[in-house]
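In what comes next, chain A is part of two complexes: it sits with chain B in the first one and with chain C in the second one.
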Partner chain A sequence: MVGIFIIGILMLVGAVSVVVLRQPVHSALALIGVTIGLAMLYFILQAEFLAVAQVIVYAGAIMVLFLFVVTLLTAGKEEMEAEDTLPGQRWAGIITGLVVGLGLAVVIATHPPAKLSTALSGSFGGLHDLGHQLWGPYFVMLAGVALMLLTGVIGVLVLNRPETVNYKSRLDLPSGVSLVDAEQEGKK
Partner chain B sequence: MISVQYVVALAALLFMVGAVGVLVRKNPLIMFMSAEMMWNAAALAFIAFARNYHDMSGQVMAFLIIGTAAAEVGIGLALIVAVYHRRHRLDIDEISRLKG
Partner chain C sequence: MILEIVVLVVKILLLVAILMGGFAYTMLLERRLLGFFQLRLGPNRVGPGGMLQPIADALKMMLKEDMMPAGADSFVYRLAPVIAGFAALSVDAVIPFGAPIHLLGLTISLDIANPSIGLLLAFALSSLGVYGIVLGGWASQNKYSLLGGIRATAQIISYELAMGLSVMGVLLMSHTANLEGIVLAQKAQGWFWLPQIVPFLIFMVTAIAETNRTPFDLPEAESELVAGYHTEYSGMRFALYYVAEYINMITQSGLIVTLFFGGWLGPSFLPPIIWYFIKVIIAIFVFVWIRATLPRFRYDKLMSFGWKILLPIAFLYFVGTAAFVSGVL
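So, the complex of A and B:
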């Protein structure tokens, strides 16, 4: 019980640092901390396979992808955060988030769900039970996620394909003027 | 016996921090990480209730959430990189110019 509170406090500290820290690399490292805290909570809640999957997928794959992109896009730069275009957007966001989140947390903490008196089966949370559920009643959803992953792969390939369309000739720009330059001119 | 309500309250707080991050920050990478935290908070609530009601369905949902998040990260980071290649700035308001 105490363990849950300690892990929870560590996770909240990590989560707040993800939002507050200025450098995206530091945010990514804090997010790894949150992810590992989550995996520990999954172990406590008897979701052994999901705890392992969380570490492999999040800390292993997703965060490495994040770090790659962060280093690719922000290497050697220290940019200030841009000015708000909507006045008061920041405070409106903070207040809305705090009201909704604290409200939800207080409601669930003061209204605990009913506890079952039966004992937990020994295999609960193992790979065997999960596989039976996934391959049985939830097979349609499993196939949907598989299709979604396939679509994601194709989408990434399409988004990062080399440029084949010649924008310059389409816009009748003089040669040597790039689209970005033309746009900057237009703004002036 | 685990008091599941505190774990769900933690999930709500994690969701709150993620939502505030999406609303407040303007760096698309950090907004995206905050969105990841919101996915994780939902998965945590599912697993906590699965433990409370001794029902594996919640863990199945958390598994599907992890799979969906993996696909989403691929697409989202590809979009961020594509926008950065055109604009050379990491600012979410760059995308608002897409409306023409």
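So, the complex of A and C:
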């Protein structure tokens, strides 16, 4: 129980830091901290596979890509504050966040859901249990998600396909000179 | 309870000691072997056969001035080598070094933790190692460091996929992701390197790429990038990157041995743990051998090799193994 609170506080600090820190790389680091904290919460719930999947997918892959982009874009740039285009949005955000958070806390405290007090099954979130769930009762949903992801991947490939360019016309080669000749000319 | 905690602490200390000692002498072994490969002697002056060279190197590293570039991001600059070292050391916690031993009425398994998802945990922890490289490269605020870090990111992300797919066959054949279970499955079914020969080769290639070693050492290609991501590092922080690289090599060797060469299994005239270390040393020798033999890849070739050759082959073999194991074939 103590562990949950410690990790929770660390995650909250991380989550706030993601928003507050000026340097994008620091924000990304804080976000990595939050994902690892979430993985630890899964570990405490003995959902080992979920925890490891969380680390592999989010900390190991998605956040690496985030950092890849952020380091590439912020290298050598001074930290600067973007101009506030919408005055007062900061305060509005803080107040809204507090109100929603407090509301949720009050609701949970006064009406604890029945499921919170029932124990989880022993193999919850483990490799075998999750596998049986996914390939048993939830197979249709799994196939649907797989299809959706596949559509996304194909979409990326189609959108990023290299343009078929007619190099010859672009280079304005004089007639009688082939592309190979021009290439060799360029190499010399 | 207290006895168990004491055993655990002793095991952790032993593991760290073994890995740090292993790092020092793997480095010496590599330098001597590279010397022999290049028809020279390598470092042989300090102590008999150069055996004290690692201690001299460590002293030198500790006494060096620790510098930080003026424009560097001091927090991330200090954090990055620590992440690299942590990720390298922590993976070994789930690799079993030998069959469980019986001591003082206790059964002690020769790994720190033996979770049911040991293999996946090893992957998760080792996938964090890339942060050490990319953050170190970024925090130095040096264009060569940054390019090295960015190259490392793209390379490791690309090769991790093929690596993950290449071990799926082992997982399917042993019906478990527990590393001890995988070794025991190999006791029953024979070592997996033969039925999984293609994934084994892919794992070997990706392991070299993941540890940033020649021929995949583009993140630190000295002909283009000075020293890549650790250009600005000196003293112990620089040493920590070296520690991480060599311990990663030992770890990947350990994973190769555990997944494909039966871990600690072997004829009974030697104890299991000795068999394990013999196999790891052979794997390390192959790593060094490849480094001494092959030149560095070109970057675009590296990318197309990873995505267009390794990944499809690993996937096809994985599907084939799945069909075979489930009895369709």
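Please note the rule applied: the second predicted complex is superposed on the first by the 142 of 188 C-alpha atoms of A that agree within 3 Å, B and C clash if a C-alpha of one lies under 4 Å from a C-alpha of the other, contacts with A are read in each partner's own complex, and residues count from 1 in each chain.
Going forward, a contact is a pair of C-beta atoms (placed from the backbone, for glycine too) under 8 Å apart; a residue touches a chain by one contact, two chains touch by 3 or more.
Keep in mind that what you see is a predicted model, and the values were worked out from it rather than measured.
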>> Let me test your reading of the model: by the given contact rule, A:143 touches which partner, first (chain B), second (chain C), both or neither?
In response: neither
> Comparing chain C with chain B, which touches more residues belonging to chain A?
Replying inline: B
>> Quick check for you: in the superposed arrangement, does A:59 touch first (chain B), second (chain C), both or neither?
In response: second
>> A:127 in the overlay: touching chain B, chain C, both, or neither? Say first, second, both or neither.
In response: second
>> Contacts for A:27 in the overlay, against chain B (first) and chain C (second): which applies, first, second, both or neither?
In response: first
> What is the contact status of A:18 with respect to chain B (first) and chain C (second): first, second, both, or neither?
Replying inline: first
>> If we overlay the two complexes on their shared chain A, which of chain B and chain C does A:72 touch? Say first, second, both or neither.
In response: both
> Of all the chain A residues, which ones make contact with chain B and with chain C?
Replying inline: 49, 53, 61, 65, 72
> What residues of chain B sit close enough to touch chain A in their complex?
Replying inline: 1-10, 12-21, 23-27, 29-30, 32-34, 36-37, 40, 43-44, 47-54, 56-57, 59-60, 62-64, 66-75, 77-82, 84, 86, 89-91, 93, 96
>> Can you tell me which positions in chain A touch chain C when the two form their complex?
In response: 23, 25-26, 29, 32, 48-49, 52-53, 55-56, 59-61, 64-65, 67-68, 71-72, 75-76, 126-127
> Of all residues in chain A, which touch chain B in the complex?
Replying inline: 1, 4-5, 8, 11-12, 15-16, 18-19, 24, 27-28, 31, 34-35, 38, 41-42, 44-47, 49-50, 53-54, 57-58, 61-62, 65-66, 69-70, 72-74, 79, 81-82, 84-85, 89-90, 92-94, 96-98, 100-102, 104-106, 108-109, 111-113, 115-116, 118, 120-121, 124-125, 129-130, 133-134, 138, 141-142, 145-146, 148-149, 151-153, 155-156, 159-160, 180
> In their shared complex, at which residues does chain C touch chain A?
Replying inline: 73, 75-76, 79, 115-117, 120-121, 123-125, 127-128, 130-131, 134-135, 137-138, 141, 143, 146, 149-150, 153-154, 156-157, 160, 177
